C-alpha cells in the first residue's frame, strides 16, 4: 500500500489535531516531518506521535526530498508564504483556512499555483466535508428544495472562548476573516453565485475590549449575489449554550437547516431546567469528524491524482468577501460594492 | 339562541375551572346553580361568577326544575351517586372521570342510564377532546400508520404536586384509577379492542409515604388486548421537569407521538443549561383547551340531541382495567386475567 | 356586568374572526353594529352572529350613539381615515395593522388622537399578545438572556397562499408593510431602541408576477438601531412546509427563539418521511389565541380606563421603518438612513 | 509501538466491519489472520484488507502462535464453541453478542474463562461504548437524575430489513436474544440490579411469517428487578422511519433519553412533509462509532492488561433474561419468575 509522505508546519491547538489524525487515522498517510518554533510541540511530535524528523525552521523541512505534501497549520499571517514556498519546493499543499487576509496575496498564491498544475493545493473549508453539510448539498443537487436563493449561516462560539479569542484576534484578521469566511464559502457553494454587494454591522456588545482592537464580538452581514440571491451571515463570540454554528438554505420548494441545536450527544435531559440538549463547546467538538474526512480526502486526491472540487479560487473569493465586510463595518464604508476579479 | 341551563356540583380545583368555562366561554350554556359544602366556594360562585342559585345540599339543587344538565365535579367517591341521582331527576349528566372505583358500581350507572335513553350521560375523558389527540385519531382513521398494535402512554405529574397528592390519594382510588384511567381509555380508543390481561408493577421510589397508604409514586403496566395488540402504561408523581403526559401509537406503517416534550410555550431557550423547552406544570396547563372543547361539545350534544361517541361503557371499561391493575400490583396478584363483562 | 358596545368595520377574512371572537368569546363585549360593502358579509353578521345593526356606509355606523368602540378591520388603505373618523366621533378605536403605508398619514392619526386624550386608540400588533412572545418578553425583563442586542425575525407564509396574495398585494403596501411590519415592531419591542439605518434586498424568486407589481416573494432586511443593536428580518410568500413565522432574540447571556418549528399540533409523526411535525397553514392558525387575547385585553383597557402599552407611536415607527425598507429595495436606494421624527 | 496481533472468525456483514476497523482505524492492532467458510470473504480479507493468513477452518487459525486475541464474529450458535476454543488456545477473546442462547452454555464459558484468569474475554454490548450512552452513564453517576428506577429501552429496525431478518432469524435465537439482549444489558447497567420477574407479549403484527418460525415482529416485555426497579423493553422489525433504537432512564430527580429521534444527520428538512429529520437505516449506521470505540478499547485492555468492566457475567445475565422472555411469550408461560444463579 503506497503511503503519502507528509510534513506539517504548525503544531498549535489545531495543528496537533491534524497531526494526530494523519498519524493515527489516515492509514494512507505517513507523517515524516513536523515543524514548530515551540520546543514543547516538537517534543510532542517526536515522542508522542513518533514523527521521525522535527524542525524549527520551515525552510529546513522544505528541503526534505521524500515529502509528498505539506500541511500548513501555522498562524493565518503565514499561510500565503508557507503555501508558496511549499509549491515552489514541488510539493502538494493543504492549508488551514483562511488563505490570507489580503485579496492581492490570495491572487498571488493562485498565480504561483498555476505554474505547478500537477501540484494539488487546497484550503481547508472543513464544513464542506462535514457529513451533514454534504448531505444537504446532495439533497439540493437532487432538487429537494428547488432553486436555493437564500442562505442564513452563522459561526457562533461559546462565550468561554472569548478570553482565548482576545489573544488570537491579533493575528486572525478579525471576525469576518476568522469566523464568517466559512459561512461565505458555504453561501457561495450552496447558491452557486458570486457576491456583488455586502453590508455589515456589529459591535462589541459584551466585551468592549474587542472594539479596542478594531474588532467586535458579534457581527451581522447581508450579501447580495450576482444572480440576485442573498445571504445573511452572523458571527458571535458570546453564546452561553455552546458553539452554535448552523446554516440554513432556503429554496423555492423547501428549506434545509444544518446543525441546530448543536447537541453534543444524542442525550435529551429532562430535569428542572426543562427538556434540553447540552451543546458542543468548540468548533472542533462539532467538526472533529469533518476534519478527519477532509484530511483523508485530501490524501486520496494525491494518491488518485485528482483535482479537488474546492479550489484556490474558492478560498480567494471567501477572502474577497470577508475583506469587503471588514471595509463595510470596520472602515465604516456602509454598503460595499465588490469589484469583479479576473476569472480563474 | 337557546341556552342549556346548567347546575354544577363540586367547586374545588377543577370544579372552578368547569364553572368558569361554562360561564365565560361556552356561550350556549347558562349556569343557573352550583352546589358545594365549602362556603368560600359558594361565595365564589355567587359573587365572582354571578351564578344565581347556590346550594349546600345536592338534593336541593336537583329539585331545580329548569336545569337541563348537571356537571358532576365532586370527589371521585361521589361520582356514581351524583350521576344516578341526576339521571333519576331527569337531567343530562356530565361527570369528571373516573366513573367509579368499583366495576359493579359502574355497571349500576349503566343500568340506570339505560332506563333513560333520552338523557345524555358522559364521563369526561378529556384527552379525547384535545386537538392533538383528535388529530392523531384522524390520521389513524385515514390510514397514515397502517394498523395500530401498540400504545405507549403515560400520565406523569410534576414532583411539586406530590404533596398535594398525598392528601388527594385518600379518595382518588390510587394511581391506576386516578392517572392511568386516561391512558387505558386512550389505548382502547386507538387500538379498538378490549383488554384481556394486565401485569402491573411499581413502587414508592421517592416518597415512601405512598406505600403506607397502599399506593405508589411510579407504576408500570402492560396490557394485552383481545386481538393481540398491546399497551404499556406508566404513571408517575415524581417528574422534575413538568407534567409529562404523552401517548405514542405504533402501527404497521408508522408511529404517532402526542405531546412530548410537554413544552409550556413555543419558546426555546438557549443558555448555559443548553437548548431547552420549559414544560407545563400541571395537567390543567396541558389540557386547558381540551377541557373547554369537551364542555362545549357536551353542551352541543344536548342542543342537537346527539349521543356522544364516548359512552358510559368506555368509562366502565377504563375502571375495569384500572381495577385489574390495582389487583395485579397492590393485591399482589401478578398477571391478571380479566373476566369478560356482558356486552353493552 | 358592564359591557363594552362594539361596532366593527370590515368583515373580510380577518374581520369575521374579530367579529366571532367579540360575539362568542369576549364576554365583556357586545357587538351592536357591523359595516361592510358586501351583502354576504352583512347577512353573515346579522343572521349568524346576531349583530343587531348592519350598515353599508361607515358614516352611518359612526352615528350610532351607544357604541363605545370601533374595530377597524377594513383594507389597509382605509385604516387611517376610519380611525380618524372614529376618534372624531368620540369613540375608542382598535385597528388592524398596519396603521398606514405613509409616515405622514400615521403622524396625522397621532395628532388627531392627541386631541382626544381620553380615547384609547391601538393598532393590533398581535404577536405582542401571543403567550409565547409574552413569555419571552417576561424572561428578558427578568434578565434571563442579559442585554438583548440582536433580533432575527421572519414572517413566512405557506406557498399555497401566494395566489391569494397576488390579489391582496395591490392594496397591502407590499411585503415590508404587510409582513415585516410585525417583525419591525417586535425588534423595537425587544431591543428598546429605534432604527436608524436599513438595507433591504430581495426578489421574485419563485413568482415573477410579484416583480411586475413592484413587489417580491422573498425579502431580507438588516436594521441598525440607534444604540448599535441589530435586527435581521425576512419575509417570504413561498414556504412549502407552512406558515413559518418565528423570532429569535439574542442577548449577552442567552437566546430565546419563539415558534420554530411552527408545529400545528403536539403530534410527532414517524413514518417513511422521517420524524416530523406538520406545520400551521396560516398566520391565523398560528396566532388565533393571540387575536382573542388581544381583543379581550383591548376591551379591558376601555373598562378599566387604562392606556395600552402598545402606542400609536409604535405603529408609526413600524410604518416608518417599513417605508425605509421599501425605499431601500424597491426604489433602489440601497442603504437608507432614517430621519428622526419628533418625539411622541 | 507494540501492536496486538489479531485473528478474526466470521467475515459476514458485521465481521467485515470489525475487520476494517481493526485494519484501518485501530492503530494498535495488526490483523494477522481471518477465517471464513466463504471464498469471497477470504479473498476480500486477503486482497482488500491485506490480511496475511486466511483460513477455512477455525482450528487451523487457532494454531497460529503469534496471535494475541481472536475476534469471534461467527453466527450466534457458534459463539460459545469459538470462545472456549480460543481461551483453551491461550488467547484473549472478543465475541459479538449474544454470548449464547442457552444459559447453561453461557455458564460453561464462564467456567472455562475462570481457568484462564490472565486472559481477557468480553462480549460486545456495543451500546455501552456509544458516546451518548456513556454520557448518560456519567450523568447518572454524578447524580443528575437522582436514583434511577425505571428504564424504557427499545431496539427497533427499519421495516426494509425484515426480509433479511426472515433468513437471519433461523439462527439468531429470536427477537429477545437478538434484539432485546442489548436493552436488557442497558437496563441492568443503569439500574444496578438483577431481573427477578419478566412478562412478555407480542406478535407477528405485520409479517405472519415470523409467527411460523415461532418468532414475532414486535414484542413488549416488562422486567421487575430485585430492588423493585423496573424496565419496559420493546423490539420491533417494522419501523417505517428508520432504525429507532433508544433508551430512557427515569430517576427520582430527572430523566435521560438517549437517541430519539434517530436522526441520520444534523439536517432538518422543511418541506411539504413538515419539519423533519430523516433517520438512520440500520443499527450499524447508528452505532458505527461505538463499534470502533469498543474495538479500540478492547485492544487497549490487552495492552494495559486491564480487566473490562463489562464482564462475562453481564453477558450471561442478558442471556438469562432473554431466555425468560422467550419462555414467557413463546412457551406461553406468562409471568416468569427467574431463578437465581450462583454468584460470579
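Lettered A, B, C and D in written order, each chain numbered from 1.
Keep this in mind: a residue touches a chain if its C-beta (ideal position, glycine included) is under 8 Å from a C-beta of that chain, and two chains touch if they have at least 3 such contacts.
Everything quoted here is computed from the prediction, not taken from an experiment.
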Chains adjacent to chain B and to chain C under the stated definition are A, D
Using the touch rule from the top, work out which pair, C-D or A-D, shares more C-beta pairs. A-D
Determine, using the mean of C-alpha atoms as each chain's centre, which chain is farthest from chain D. C
Would you kindly tell me how far, in whole Å, the mean C-alpha position of chain D lies from that of chain C? 57
Suppose each chain is reduced to the average of its Cα coordinates; what separation in Å results between chain A and chain D? 39
Check each residue of chain D and list the ones that touch at least two other chains. 239-241, 253-255, 260, 262, 269-272
Using the touch rule from the top, collect the residues of chain C that touch chain D in their complex. 239-242, 244, 260-263, 269-279
Listed in rising order, the residues of chain C that touch chain A in the complex are 146-147, 149-150, 197, 199, 201-203, 205-206, 218, 220, 222, 224, 228-230, 232, 234, 236, 238-241, 250, 252-255, 334-335
Residue numbers of chain B touching chain C in their complex, please. 1, 23-25, 27, 50, 131-132, 135-136, 139, 144-145, 253-260, 262, 264-272
